[in-house]
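Have a look at this one before I ask anything.
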Amino acid sequence: MTFKPLLSSITKKLIMAITGACFVLFLAFHGTMNFVSILSPDAYDGICNFLGANWYAVVATLGLAGLAGLHILFGVILSLENFIARGFVRYRKTERPKGVEWSSRNMLVLGVLILLGLALHLFDFWYKMQFAELVGREPINGIEQIQFLFSHNYFSICYLAWFVVLWLHLSHGVWSMLQSVGWNSEHWKKAWQVIGYVVATLIVLLFVSVVIYYWLINPFKC
Amino acid sequence: MNFTLKIWRQANRTAKGHFVDYNVSDISPDASFLEMLDILNEQLVLKGEEPVYFDHDCREGICGACSLFINGRPHGKGEGTTTCQLYMRKFKDGETITVEPFRSRAFPVIKDLTVDRSAFDKIIQAGGYVSCHTGGVPDGNAIPVPKADADRAMDAAACIGCGACVAACKNSSAMLFVAAKVSQFALLPQGKVESARRAQAMVAKMDELGFGNCSNTYACQAVCPKHISVSNIARLNREFLCGKIVSPLRKEQ
Amino acid sequence: MDEKLQSRIPEGPLAEKWTNYKASQKLVNPANKRKLDIIVVGTGLAGASAAASLGELGFNVKIFCIQDSPRRAHSIAAQGGINAAKNYPNDGDSIQRLFVDTIKGGDYRAREANVYRLAEVSNNIIDQCVAQGVPFARDYAGMLANRSFGGAQVSRTFYAKGQTGQQLLLGAYGALSKEVNKGTVKLYTRREMLDLVIVDGRARGVIVRNLETGDIERYSAHAVVLATGGYGNVFFLSTNAMASNGSAAWRCYKRGAYFANPCYTQIHPTCIPVHGDYQSKLTLMSESLRNDGRIWVPKKKEDVEKIRKGELRPIDIPEEDRDYYLERRYPSFGNLVPRDVASRAAKERCDAGFGVNKTGLAVYLDFSEAINRLGKNVVKARYGNLFDMYEEIVNENPYETPMMIFPAVHYTMGGLWVDYELQSTVKGLFVAGEANFSDHGANRLGASALMQGLSDGYFVLPYTLQNYLADQIQTPRISIESAEFEQAEQNVRAQIEKLLNVKGTETVDSFHRRLGKIMWEYVGMAREKAGLEKAIKLISDLRKEFWKNVKVSGSAIGMNSELEKALRVADFLEMGELIARDALQREESCGGHFRIEHQTAEGEAQRDDQNFNFVAAYEYKGSESIPELHKEQLEFEFVEVKQRNYK
């Protein structure tokens, strides 16, 4: 049984890598922006207002949504193909060999969890901010929403759990995309992996610090 | 030493398979895994039962014929070894050992533990060679090859085509196998000439035969009996993607 | 000279024979090549390279192998290297010198013209393999590296780590795959040749068993090339692969091809010793180990006893109590004497009671001196993979304690008789590689097997086969419906039926093991009249017992490993007897054949050039009769025949 796929496996992986890279860049921007809220809540508000529902922010959002869609679509296609490739009789016993990360084998699961978290997050923020503005409702204030949400334990814990999942996804994803586009080499193999971990950790720390800050040491506690 | 074996038995390509338990006793710790199976088979034959069919040949770890999935790992535990070089002293006395065939849609089971790996031959046939013909070639020393490149080409060329990479990969991807061959030739001036074309042809064939996609788990490298590195996969990606961009340009010229 | 044994050596001076042949041979034009079919059996170096080259020329080739892939052929296990007379190191090598060394190494029992041609094309092989992308070892200038091998005085061996055979085979496999892709070669895997079909006196096809389905299949062609390797597995324990067998050649012998020099078997000195009765095969370690390792046994019997009991460790034996017997007996070559000499010397020490493991069948190969001299890292760089392999198998660390080694059957110089064109006594049946007898005489030099296999396949057969096929262009495609095919198929079916119906009580492996013990005991490294006569009797009895009492489980349909083995062992049981007969007939010691009655006062092999300067070629005369011996007299016009001396 053979079939000719439209795109080669490597091309599909390239798409995953490029869209993944955009995701990482976006997260870096988003994280930095969030972190500003610790340094200066006013500046953070300024950024929120600057973005708002202005055309460039909407275009960027649509672009991001498109890239995310591609990433998800190809992630699902690849996973499906991979599942079928094993055949329908599976191993009875398998062992994870040394040097193989747990996350690398569970990117789909991690992706789905991220997506679920994202739904919550979009509802909490984007729906009430940019989307509200677009449909003509009064958008809520970003910093107040942050303060409100993270003063609740369950929201904070949910978000922190979500960030752990995100870290796992990124810890594999960042260096993995370098491998997929062919930038890896024997010499750089270890280095890229370390750089990948560092990038993933830095990004996630930006997000985590905001939650911790507003949850545990919230100076504006009401 | 005594062992309980859980072995996959399947009469032929279309039959439904199942696990059967066997006990073997008084096995020397110096016996190889395949010699242990020989002993089991001799007992089965004497009892009038059908012996367990498995691929094997050189029993020196180089022909790539042996292929068992032992206790959840291709070629069993032990780094850089094939099943034929796995010795029973690596197991605990009284241990239960699960023996399965390599599982991949591209490697259908033929009988018991024997699988059809002709897909690998088909990938090589698609382009895994330098297209020179016999005779009419320059002197061996006419084109110098940097030692480092020759050594790296050799490391990639050490692949024995056993299929452990496919068996271990959760996606059943053959990327390490393809990458090893593409790398070997991409690193040598003799093979570089048609490197882009080779990568395209071999990857297309690999996809067509139903192997999965690489998701960079590096399980292949971890189980490879010849320690083929995943950096070869990066090189394959590079050769492939550059080829995708460069070869249409070349055609236009 | 026997009328059938025409060697057909071209006229002219030695160095011009092959050139002259090529210049005057007949050719087939491209349009006709497409109409001609060639069957190649075996996908090792010789088979794969022949099929690829013939496919490139435009012939229709069908190639068969018993494994699941052509890349598994046992050529893949050759470690050391491949010789060529390139003289890159500027150390005085030349075609002439490689030729003389090969003739001398073969103890003057090979045909001069064949060997010269081998030396001549050796250089083309290296060029060809480099062009194919074989990653030979190189120096920092990017030039090909060479090493000295097996005691050669020049460094003429090219290598790819310790996996030269693998890399050369994969090169040939690549070339073969290229032709399969083009459609000139059709590949048939998991097929075992069980008979040769002869139509009107010419080889016209084969009968094979499909090892997956059990089907008996017929294939026809204008010529058949046999490249099925050697028959070393007659000895049960050998360094050959499990599936290596002599059946294809044996079936050809029974169809009229003469079998030459069956008694010439090579025993390799550096194998890992036998450890138990369940053992399935022996593992070879590269001969290159002898470049730096020193071979010894204890001088004192009491030390031997203590070692066997585990009371004494080899490293505790002081220098003066060690017997470096090769250095003692052969001061100038020392540990680098040819394989047969090294093997016999080991056996001599073990027979005298100095063997160092529990079975008493092992000697030490010691690297402590090399480690002191070169440092552990250099030794590791040179032999690391071999040391690792040894440790894996034996569970001892060779950096700390000496390795144990013992000789084992490794290669068979004998094989089907062929003329200069590699054609057997059956017209249209060509034989290449280890399966023929042609180039190594009574003993093969290290790193020469790869050279011969590729020489036959890449550079000899494409010419000589064409010369044969030029007369066949009028012959239409051969039908597989003829009475000859029918008869051959029935023959095969009957044999399978017979085996399955014995329904005895002893397994095939058990018979094979028993045969191996007889062979090793009486037809092994040192042979004598009484032992050989006994062996002939024992083998003949064992064969009778086999056909009365063998138990082959399963049926003829589908995969049946027991049936496969039974068919091969049935042939081994006949082959073993022929080997013993030939050894008995050859009242001299030469190369791999050592007769205890024929040795010098110092225990060295003694040839008898007066009476045994011939190739012994056997003609099959039916299962009940003794095969007829034909002699091809060897003439040495260009080299001086000397007694080998490695002192």
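Some points to look at:
All chains are identified by letter, namely A, B and C, in their written order; residue positions are counted from 1 within each chain.
In this text, a residue touches a chain if its C-beta (ideal position, glycine included) is under 8 Å from a C-beta of that chain, and two chains touch if they have at least 3 such contacts.
The model shown is predicted, which means the values in this text are computed figures rather than measured ones.
With centres taken as mean CA coordinates, the chain nearest to the overall protein centre is B.
Distance from subunit B peaks, on a Cα-centroid basis, for A. As a whole-number value, the distance joining the C-alpha centres of subunit B and subunit C reads 27 Å.
Work out the mean CA point of subunit A and of subunit B, and you get 36 Å between them. Centre-to-centre separation between subunit A and subunit C, using Cα means, comes to 62 Å. Touching subunit A in their complex are the following residues of subunit B: 6, 17, 19, 69, 71-73, 98, 100, 103-106, 108-109, 152, 168, 170-173, 175, 203-204, 206-219, 221-223, 229-231, 233-242, 244. Across the complex, subunit B is touched by residues 49, 52-53, 56, 67-74, 76-77, 86, 88, 124, 126-144, 160-161, 163, 166-167, 170, 173-175, 177-178, 180-181, 187, 189, 212, 239, 241-243, 275-276, 278-281, 283-284, 389, 392-395, 458-459, 462, 505, 507, 509-510, 551, 553-554, 558-559, 561-562 of subunit C. Subunit B meets subunit C in the complex at residues 11-12, 28, 30-32, 34-35, 38-39, 41-42, 44-46, 48-51, 53, 55-65, 81, 85, 87, 89, 110-111, 114, 116-118, 120-121, 124-135, 137-141, 143-147, 150-151, 153-154, 157-158, 160-161, 184-185, 188, 190-191.
Subunit A meets subunit B in the complex at residues 1-5, 8-14, 78, 81-82, 84-87, 89-101, 104-105, 107, 172, 176, 178-186, 189.
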